[in-house]
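You will see two complexes here that share chain A, one where it goes with chain B and one where it goes with chain C.
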Partner chain A sequence: MTSPLLHVDDLHVTYSGPRGDVHAVRGVSLDVAPGETVALVGESGSGKSTTAHAVVRLLAPTARITSGHVRFDGTDLATVPARRLRAVRGYGIGLVPQDPTVSLNPVTPVGKQVAEVLRIHGLADRRSAGTRAEEALAQAGLPDGVAHLYPHELSGGMRQRVLIAVALVARPALLIADEPTSALDVTVQRQILDHLDTLTASTGTGVLLVTHDLGVAADRADRIAVMSQGRIVEVGTPAQVLGAPQNAYTKALIEAAPSLNTRRSLVVPSTEATSSPVLEVRDLVKEFPRPRAAGGGVLRAVDGVSFALERGKTLGIVGESGSGKTTTVRLAVRLADPTSGTVLLDGEDVTRASGERLRALRRRVQLVHQNPYASLDPRLSVERIVTQPLRAFGVGDRASRRARAAELVDHVALPAGTLARRPAELSGGQRQRVAIARALALEPELVVLDEPVSALDVRVQAQVLELLARLQAELGVSYLFISHDLAVVRQIAHDVVVMQDGRVVEKGPTDRVLAEPEHPYTRELLGAIPGTRAEAGVPA
Partner chain B sequence: MLRYVAGRLVQAVGVLWAAYTVSFFVLWALPSDPVSLLLGTDSSDVTPEQLAAVRHEYGYDRPLVVQYVHQLGNVLHGDLGRSVSTREPVSSLIGDALGPTVQIALAGLLLAVVLGGGLAVLATLVRRRSLQALLLSLPPLGVAIPGFWFGLVLLQWFSFRLPVFPAIGDQGFASIVLPAVTLALPTGAVIAQLLSKSLVVTLREPYVATARAKGASPVRVHLRHALRNAALPALTATGLLVGGLLGGTVVTETVFSRPGLGRLTATAVQAQDIPVVQGVVLVGALVFVLANLLVDLVYPLLDPRLERRRRSAGTRAAATRVDAVAVA
Partner chain C sequence: MTDLTTLAPESAGPATHDRATELVDLVVTPPDGARHADADVAPRAARLRYVLRHLARRPGLVVAVVWLVTVLVAAVVPSVVASGDPLAGVPADKLTGPSAQHWFGTDQLGRDLYTRVVHGTGTTLHAALLAIAIGLVVGSVLGLLAGFVGGAVDAVLMRFADVLLAIPGLLLSLAVVTALGFGTVNVAIAVGTTSVASVSRILRSEVLRVRTSAYVEAARAGGSRWWRVLLVHVLPNSVGPVLVLAALELGTAILAVSSLSFLGYGAQPPQPEWGSLVAGGRDYLAGQWWLTTLPGVVIALTVLAGNRLARALDAEGNPS
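Here is the complex of A and B:
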């Protein structure tokens, strides 16, 4: 092996806070060779992002490097004076940040933001900087003429390409990419990562790729370093780490990753051959008036959508942002009124139900939201949260509600002691269990799950999916499961509906649709699932 | 863009009309008789017939609504009426007073923006925590100091102990300095407070981290990236502060014995000279409206996302209207 481009040696980072110090990075050592891609994988709080940012000392004001070395290009970046560090940032080491929607200056044209790197490091004069910025934008896969546009005029994927241009315009020897695609749709993610691969391969740039997604790491990295609780617990090639993991934590992580376990299925076997649909929608259409500034007219968010969900089964609705999947579901559960079309609940037309009838319908259909941090009232105890629907409908007395709360919390496998606690004392996975318990309180026929595991780490994600499957088997409840992630839907849904631009492009039994996709868009979605490349090379 | 400008202009005219109308009816409701004021304090020997004649001459005997329509018509022709105490036309009284006031107000505003903005940038730029805390505590102090006291202290030091600037009068540039500094203190303090708060928030934005990752120096990060984004709320406030600046001239011009709009206002209010007070209200509202119109027109130049901000601009305009009436 050639001498490393980056050599991190026994790095320690500590955050000081009101409740004392948090030792976030505990002795990390790591090498990146020229032209090599090293993925730093871990769950939230593992210290992976902190490690990456510590390399260029772009840490939060409360964090500091307490000991260790970061050797790059003959200097120790951990101790080098600020002025010399600034000469390395942007020039020697480029950084692609996590969230492209907020990482560009909103009041400056993007071309200028790319050119700024060259101006800072004195690599070009004003005019040639502009030209080279345009070249870098073109290399990042953006069309001509974007240089004079402002960030808000570009999509999320395009903004991330601008940030890639910013990071690469000065031809750095090392690129640090911190979750560069987690805020993007899966097909856009694939395009961006492909592009990053091509660019860095052609220039021999070393890459430190931070990701929570083992699939992404497996597809893109030469070596994977798995981080847990501030330490690197395992390092190796994708084949070594995924094929023959040595560490228990790594094993658990692989086991939980939906994209790496295509054979694992949680789908509850259905008892009856065919049953009547619990929910059916026919030719749903929803139009929104466009703002006058955008040219007026109407926007057809949902365009003739029909599907049926059989009792006791799970229907997955898959699509990328803007596909109309969330609007469709809001129409189906009557949280919004359709422009036209029919909604049948248990064969009964509820499209125009209002007043008491609508309230009765609310009792039969419950919702679980994506973000368990925002969907629970922080001031209420768990007991009050899960019994809220009971109180709203005046079900039972105080004692029976208390008993029901204990039962519900037990259903979702939380300890009884949870009842007295508040959401802030619970982890993300525990909170989502509370949200599920609340949804089940009124024994609904249908539970709508809107991206229920997207905000959770993979291991927690797997546990919540298992819980949902078990509850379906025990209670016979039906799920409408919205997700952008085909890999998750594959594990849990009996049937799947694929949506694009407000239309259903494909629907049918999950096994059939995923094994023999008919529509090109479904094939594209399937191909974009990270980890599919690696799977071929990994022994089962 | 043209629609945007036209909309702002219509709003500006609406604010002026509202300010005039509200002040007309509020002043009418005051328990004072303009005619007896007109005839002087020793008007006991005036016969009721003479009073009635004067009343008729000034149109005070007509129904209130007719008076209002008549006066509004005159205002539209540029006729603000005559002072009841000096009998001079209100427009020429205000015209004479405007010049000296504009001098100190503009100088005060400029000082406030430069010093307030400079303090905010400096306070957020310094690394030393203790120094930063000290600098950030200055704006609240500036707001808390009463204008008349500060003016007197300045006089004491820079006119009497060290005779650098003249204590009174409106002759030459030197006479502007102390009044302008007095006016700039509260305004600059508010600007500094708003801008430093806004800068602190902006400096935590991810795009600031992007700029640092490019290798930008702290000064560059501040001036090129944070300041322009952080300036937007401070700019809005500056438009509103112009009203406060006008109010400040009443005290400042009295302390420094300068002629001007503030002195004119003080005298007119004391003498219950209603036409003059109304003229001042109208001029005040006009200045206020123009300042905020200017802010609204500069805003889209600073922020390309204006299209999205139309709605919030609407609420800002509503706030402006309320403030204009409050100043009146």
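Here is the complex of A and C:
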């Protein structure tokens, strides 16, 4: 091997806080060779982002590098003075930040933001910087004329391309990409990563790719480094790491990743061959008035959606952001009113139910939100949160509600001590279990799950999915399961509905739809699941 | 206390000084940060120690609290703080300066000024607290309605608040108290009116934020009736800033009540009241400075102490 481009040696980073010091990175050593892509994989809190940011010393004010070296181009970036470091940032090392929605200056045209890099490093004068910025934007796959637009005029995917152009315009030798596509839809993710591949391959740029998604790492990297609790626990080629993992943590991570385990299924076998639908929607339409500034008129968020969910089964609704899937379920559970169409619960028309009839419906249909950090009242104890629906319907007395809370918490596999805690004291996975317990309190026939696992780490994700499957087997509850992730839906749903632009483009049994997709969009979604490239080469 | 603070976690060897690390852990763990599994059984002593250490770093807050407690005691049982009769004058001792016998000196009728200030506390504080209660309750109801119901109700209530905000506070109070007639309670109502607009504005903006949060929707989807959602979820989660404002308003209210009494709208002589005490000394300003200055200083200190407490509450509500 030639001498590495970046050589990280025994790096330690510590965050100091009011509760004492947190040792976030504990002796990480890592090499990136020219033209090589190294993926740093781990769950939230594993120290992967801190490691990446420590390379260019863009750490939070409370963090400091306590020991170790970061050798790049003959200098130790861990100790070099700030002035010399600035010359490296952007010129020697480009950084693609995590969240494209907040990483651009909202009051400057994007072309200027790309050109800024060249101007700072004195690589171009005002005029040539502009033209080179336009070239860089074109190379990042953006259409002509984008340079004059402001960030808010671009979609998330386009903004991420702008950030890639910013990172690559000065032709750095090393690119650090911190979760570059985590905030984007899968199809956009694939386009961006493909593009990043081509660009870096043509210029021989080394890439340090930080990701929580083993599938992405497997597809894109030459080598994978798995991080856990501030340490690198395993390094190797994707085939080595995924095919023959040595470390127990790596094994658990691979086991939990839905995209890498296509054969694993949690689908509960249904007892009855055919049963009446518990929920049916027909020709649902929802229109939102557009603001007058945007030309007026209406936006059709949901356009003639029909589907039926059989009792005791799971129906998955899949689509990317803006496909209308969340609006559809809000209509189905009557949190919003449809412009036209019908909602049938157990054969009864509840489309226009209000007052006490609506409350009776609430008792039978419960909802679990996407973000467990926002869906629990921060001031209430877990016991009060879980018994809230019981109190709303005046079920039982104080003592029986207390007993029911203990039972529910036990159902979702949380320790009894959780009851007295507040949401802030719980982890994301624990909070989502509390939200599920709350939804089950009234023994509803139908639970609507709006992206219930997308805010969680893969291992927690797998645990929550297993919990949902177990509860369905035990209680016979039906699920309406919304997700952007086909890999997750494949594991849990009996039937699937694929939505695009407010319409249903394909529906049917999950096995059939995923094995023989008819609609091109479904095929595109399937192809974009990360990890599919690697899967072929990995013995299961 | 200090020897524990200087013990940084890493300086105490984890294996060698088990007891020391344990102590540091107890002190380092704040009562709300129960990330550790055993946090809910954290001994009460550790919590107390944490609170004491918290206060030791803020001497100004301690002084403010001590002062407010004294003021409260003076308001409830004035005879404990000053045993004399506030109305009994000894003409021979009139207009004497501060001394060991008369801490604040005496007035033109020979009444002990310190006793009068202490016995006037109740009237002033009563009026100020009543004023805040009125502003808080009326303002909260309006703000809650405007934020939660929205639409036309919101528009009408907020334009009403705009009108109230457009009139200078003292002028509004004067207008109200003139209409209602003189007396402590009427002064309280007049002062309370001026804070209705700002309280309702702040509560409305908080309610708008909380109303759209996922847990409120979760409660609605769970079948809670609207008033339950309002009382259990929206109000407790939005009332924080308003309570801080109320503590801040305590100072303003004391000043406003004193101002109205100074102008002669409040307590009638010979009943002592802070504002009227300051007013009473006006005629002797050239020769007997203590008659206006010392009651004025008491008002100023109480206002400052109230503001310091409000600031502490604010910081507690929004940990950075």
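Going forward, the second predicted complex is superposed on the first by the 540 of 540 C-alpha atoms of A that agree within 3 Å, B and C clash if a C-alpha of one lies under 4 Å from a C-alpha of the other, contacts with A are read in each partner's own complex, and residues count from 1 in each chain.
Keep in mind that, in the parts below, contacts are C-beta pairs under 8 Å (C-beta built on N, C-alpha and C of every residue); 3 or more make two chains touch, one makes a residue touch a chain.
Quantities reported herein were computed from a predicted structural model and do not represent experimental measurements.
By the document's definition of touching, neither partner reaches A:G316: not chain B, not chain C. Of the two partner chains placed by superposition, only chain B is touched by A:Y150; chain C is not. In the superposition on chain A, contact is made by A:Y91 with chain B only, not with chain C.
Shared-chain residue A:P172: touches no atom of chain B or chain C. After overlaying the two complexes on the shared chain, residue contacts for A:L367 are found with chain C alone; chain B is out of touch.
Comparing which residues of chain A touch chain B with which touch chain C, the overlap is empty. Taken together, the chain A residues at the contact with chain B in this complex read 56, 58, 86-91, 94-95, 97-99, 102-108, 113, 116-117, 120-121, 150, 152, 163, 166-167, 293.
Chain contact summary for the complex, chain C toward chain A: residues 8-10, 24, 28-30, 32-35, 39-40, 213-215, 217-225, 228, 232-233, 236-237. Here chain A touches chain C in the complex through residues 18-21, 333, 335, 359, 362-363, 366-367, 369, 371, 374-380, 388-389, 391-393, 417, 420-421, 424-425, 435, 438-439, 442, going by the rule given at the top. Partner chain A is touched in their complex by these residues of chain B: 205-207, 209-217, 220, 224-225, 228-229, 302-305, 307-308, 310.
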